[in-house]
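Below, chain A partners chain B and then partners chain C, in two separate complexes.
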Partner chain A sequence: MGNKKTIIYKEPERSIVIKFSMVACLLVMSIIVKCQVETLTIICNSNGAPATMKFTELRSVMKGERQRWNSGAKVVIALMKTSTTVGKNTAQVIYNMSGDALLKYWLGQTYQGNAHAPKFFNTKSELEEYVAENPGAIGVIDPPPANNEVKIVSVDGKTQFIL
Partner chain B sequence: MVFSLKSRIWLTVFSIVVMFTFFTLFYFPAQQRKLLLKNYNTEVQNLANTVALGVNIALTEQNFEGIETAMKFVKDDSRLQFVSMVEYDTVWGNDHHNFQVKKTMLKTFPKNQHPAPNIQSNNSIIVKRGMFNTAVMSGDILLAFTTKEIIESQRKIRITSLIVSGIVLLIGILFGLLLARKVSVPVLALRDAANRVGDGDLSQKVKIKSGDEIGQLGKAFNNMVADLLKARVALDENNQALSASNARLNNTLRELKSAQVQLIQSEKMASLGELTAGIAHEIQNPLNFVNNFSELNTELIDEMKIELDAGNNKEAISIAENIKDNQDKITHHGKRADAIVKGMLHHSRSSTGQKELTDINALADEYLRLSYHGLRAKDKAFNSNFKTNFDKSLSSENGKINIISQDIGRVLLNLYNNAFYSVMEKSKVPHSDSNRAPKGEVDYEPTVSVSTKKINNNVEIKIKDNGMGISKKVIDKMYQPFFTTKPTGQGTGLGLSLSYDIIKSHGGEIKIETKEGEYAEFIIELPC
Partner chain C sequence: MKQIFYLFAIVICIFFYSSVNAQNTQIRGFSAASVTYLDKKISFGFSEQDILITSDLTDRLSFLGETVFRYDDHSTGTKFGVEVERVIMKYNIKGNHNLLFGKHHTPINYWNDTYHHGKLFYPTIDRPLLFISNIIPLHTTGIALQGHDLGKLKFGYDLMVGNGLGSTEIEDNDNNKSLTIAAHIKPADNLRIGASYYYDIISKGASVHSHQDDQERHEDRVVDWRVVQNLFSGSVAYFGPKFEILAEGTLAVNRTDTTCYKKTLGYYLYAGYKVTDKITPYFRIDDVHFQNGEIFYIKDNKSSFITGINYQINYLANLKLEYQYLHSEITGDRNKISAQIAIGF
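The block that comes next holds the complex of A and B.
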């Protein structure tokens, strides 16, 4: 017992520094990660969705309440799966729901035949590619978009949603 | 109750058709309804399972294409009543030891339907459940389809069954009638033809329209009738031949009978001739007396005239007495001749066929003499002794027997003639012939003996000669008509035959005892 006290006692300053440093690193890293994930960008096919939208308008489109663009193109929604962070964030930010609730919501919509369910993807690239290839498609990703064929929709004057 | 063949066939076919109709009308539709219901249930269940699977995929894979496709498929189905999603929630109790499953009707399409979560199938709908169970939620898909289509299908099946049953029944009845007709018509035709053949009409033929058993039967029947016809034609020909033969035989028989009558008549005439000869001899004798005494009387009358003229009355009286004696003798012999003629007349009369009491001894004696003298008249060389030994009791009034005397007389005459013929034949045989004239008979005396005797209720008449005797071969045939051992022209061969028949008709017997070359004895037995 006496030996242990002695050892703890011998290195108090260096241990506190190390711990502090590690906590600081973790805080920095978590801030960095948080800054990266909690940013969402709305992308769309070059044909269909307008370049700018209001959030209410966006929510209406994303919930399937509006199914045609002004151009007449059919609204096609592309989302990341709710098992992904972007997907969860999308459910929370855009739909104001949990992931499961989002799924149940779309299940209900599909069941009733009110709207076509979104297309859910596992990866960002797949989603971007799908949006680029389908006129009227609109999707939610974490910025920046890697595919040049999609365009970013500005919502309420902003190109990104920061949670 | 007897059913005709046609009725039986028709009833059989009708029964089969009715049974088949029953199956078509009731059993098959019932089976079809069951199958339809089963398939419908399976289909609805599969759709419910598909929708549930789509929900599963949507919630686990976040792929809604499946549920969209399944729902589109279900919604487009006109039979859909509703499709509901029921969510199960587990609600724990306050102590967290017990829980309840709470069923919440989450979504229903169409929206105007509000079924209870525990709704079950009934007559108007079929409800099937498809379970889904994911991390997001678990529950059932309730899929309800209307049964209108099934009911409509069942109605169509019933109508179809009714129509098919009617058609089957109609076809069956027509087929039954056709079959009954096809089978019964030829059979009835066969029956009618067989009846007509049975009535003797062999021109019957049945028309053969088929090569089956009935056709073969008809062919066999036709062959049989043809054979019968041939047999009948042959039979008719044989009958005609037989008729012709019969006609010829009848003709021959008539001729034979005529010849027999003629022969019998000849036999009678021969007998009559012999009788006549005997009678003539019998008459000749008294007539000789009558003639001689008449001539003598004539001479005596002449002598008496001379004596009277001479005045010798005594002499004349003496001659007159002689004349009277002679006249008595003439009268006596005239009466004798009269008796003979009467006897001849008696014999010459046709037989009345009536039996009468007869002195058999007198009859036998009379015919013996007639026979003897008849033969003597015909043949002067003939000579024979004859002996009689009559039972005198038969000559008494009580001894007479009841016979047709003419017929029995003919029998006796025939036997006497044969006996005299035999002894005469034997007397003609040279004595050196040791075979025909045994030693000791060199001094042969032909003898015919007749005896009568009453034995019990019978009269026995024996006619025996010591002539040639009769061989065994002749004995076997001597009673046959027209059999004779005499030379042609001397015998008709009917004597013994007629004698046999006459004795038999009197209820008597005629027997022969003989030894060839020594004697022959006919024994007649007649009932008294």
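The block that comes next holds the complex of A and C.
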């Protein structure tokens, strides 16, 4: 009987510790994840975008209002899909739109024949690779780029948007 | 034999797929279906299916083609007609300056150039009366110089020379060319202010396209007089995060030897307020007034009031519910309730 009592007493204590640990892990993970999504970096191909831009210029470029860079290279826009956190943040911060509104904006631009819709990507590495390979390409990613072949564009003197 | 056929088909598919990818070709479509209560009768219908193809041919040359399949009383068989709405070859000259060649939406007004057959983009179910009263030429086949987003005010322009009314898609019926001069500015985010001028001489005996209603049922009619046409248009469009306002007007001045100058004024005002990202209640007021003695247009003074709600399902689909009161000199007063689902794919 005594043994049984000890077992009954210890079981809930363990589960509380496990539950507490899981909650703590989740909290730490969510903080880490949140830290990771709180920046946006503008990257570009070495041929095309200037090294520094004003935010108003950037927004204008990203909305398809500029066809060519000063070098003559055609402006090509690369974005993360709006289903990704970076894509949503890009829509919000750069375009001041929801993800859905951004997609409709580009559908409208395509229909009017004003501009070609951006290339949308699932992963950061795909987007970086595309920007590195296409002259005139400009894109938005989350943490600083891993690909050495792309340049970082400084916007209003900053290399990252802190959200 | 069958295996050779399948192999051939696969090779063709691979070739087509790769060539499509190489050219960055995109195919999009638009359609809409509606239910309407009018004259104590409920009707189901779908108006048209719009196929849009865009393609980058070279670094500077691109293509846009738009073809519409729609109900057509005059066609035989399935009663569906095919109409090529736009075929545009666009060459980027320098920066934001382009040369366009082909069949275009005449860049006279905001609605005509921005939405046209893309019902998904319409803020209301149907077009304003201004665009279904044959006041403006909706399409022009010709050549255009176009610029956009120039300078701080984001100035844009269109200079277009076309065959003009009475011509076919492949040939001008006379020596007169239509001229369109349009300019706009975008002084603030989501705001566009535009003005345009259109000039054409329509020869006696020319056959012109008439739109019978918003479904764009067409009918050709012969003009019995030489008409000198001048159209002056203006538009203000603001589609912000909360408020939406679109106002446009066109003053048409038609001159014939017998009637001299006759003026027609058409305008509309649309306003909407986004209660949420998905729900936008709205209203629209339309008016079209023809001067007595007008002989080029079919004189039918009309006015309309519309109120409705637009529910955005996602960026590829929306649902609209709308009430319209329409007063027409010819058909009298009408009350219409409509629901429409418009999609893009």
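Things worth noting here:
The working rule: the second predicted complex is superposed on the first by the 131 of 163 C-alpha atoms of A that agree within 3 Å, B and C clash if a C-alpha of one lies under 4 Å from a C-alpha of the other, contacts with A are read in each partner's own complex, and residues count from 1 in each chain.
The working rule: a residue touches a chain if its C-beta (ideal position, glycine included) is under 8 Å from a C-beta of that chain, and two chains touch if they have at least 3 such contacts.
What you see is a predicted model, and the numbers here were worked out from it, not measured in a lab.
In this overlay on chain A, chain B clashes with chain C. In the superposed model, A:K81 lies in contact with chain B only, and not with chain C.
In the superposed pair of complexes, A:A117 makes contact with chain B and with chain C alike. Within the superposed three-chain model, A:F20 lies out of touch with both chain B and chain C [touch as defined at top]. Look at A:K104: by the touch rule set out above, it reaches both chain B and chain C. More chain A residues lie in contact with C than with the other chain of the pair chain B and chain C. Look at A:R66: by the touch rule set out above, it reaches chain C but stays clear of chain B. Applying the stated contact rule after C-alpha superposition, one finds that A:N96 touches chain C and leaves chain B untouched.
Among 2-10, 128-136, 182-190 or 200-208, the region of chain B with C-alpha atoms clashing against chain C is 128-136. Shared contact residues of chain A with chain B and chain C: 100, 103-104, 107-108, 110-113, 116-117.
Interface of chain B with chain A (complex): residues 55, 58-59, 62-64, 67-68, 71, 75, 83, 85, 106-107, 109, 111, 135-137.
Contact residues of chain A toward chain B in the complex are 81-83, 100, 103-104, 106-108, 110-113, 116-118, 120. On the side of chain C, the complex with chain A involves touching residues 24, 26, 28, 30, 52, 54, 56, 59-60, 62, 64, 86, 88, 90, 92, 94-96, 98, 113-114, 118, 120-121, 148-149, 154, 189, 241, 277, 312, 314-316, 344.
By the touch rule above, chain A contacts chain C in their complex via residues 60, 65-68, 74, 96-98, 100-101, 103-104, 107-108, 110-114, 116-117.
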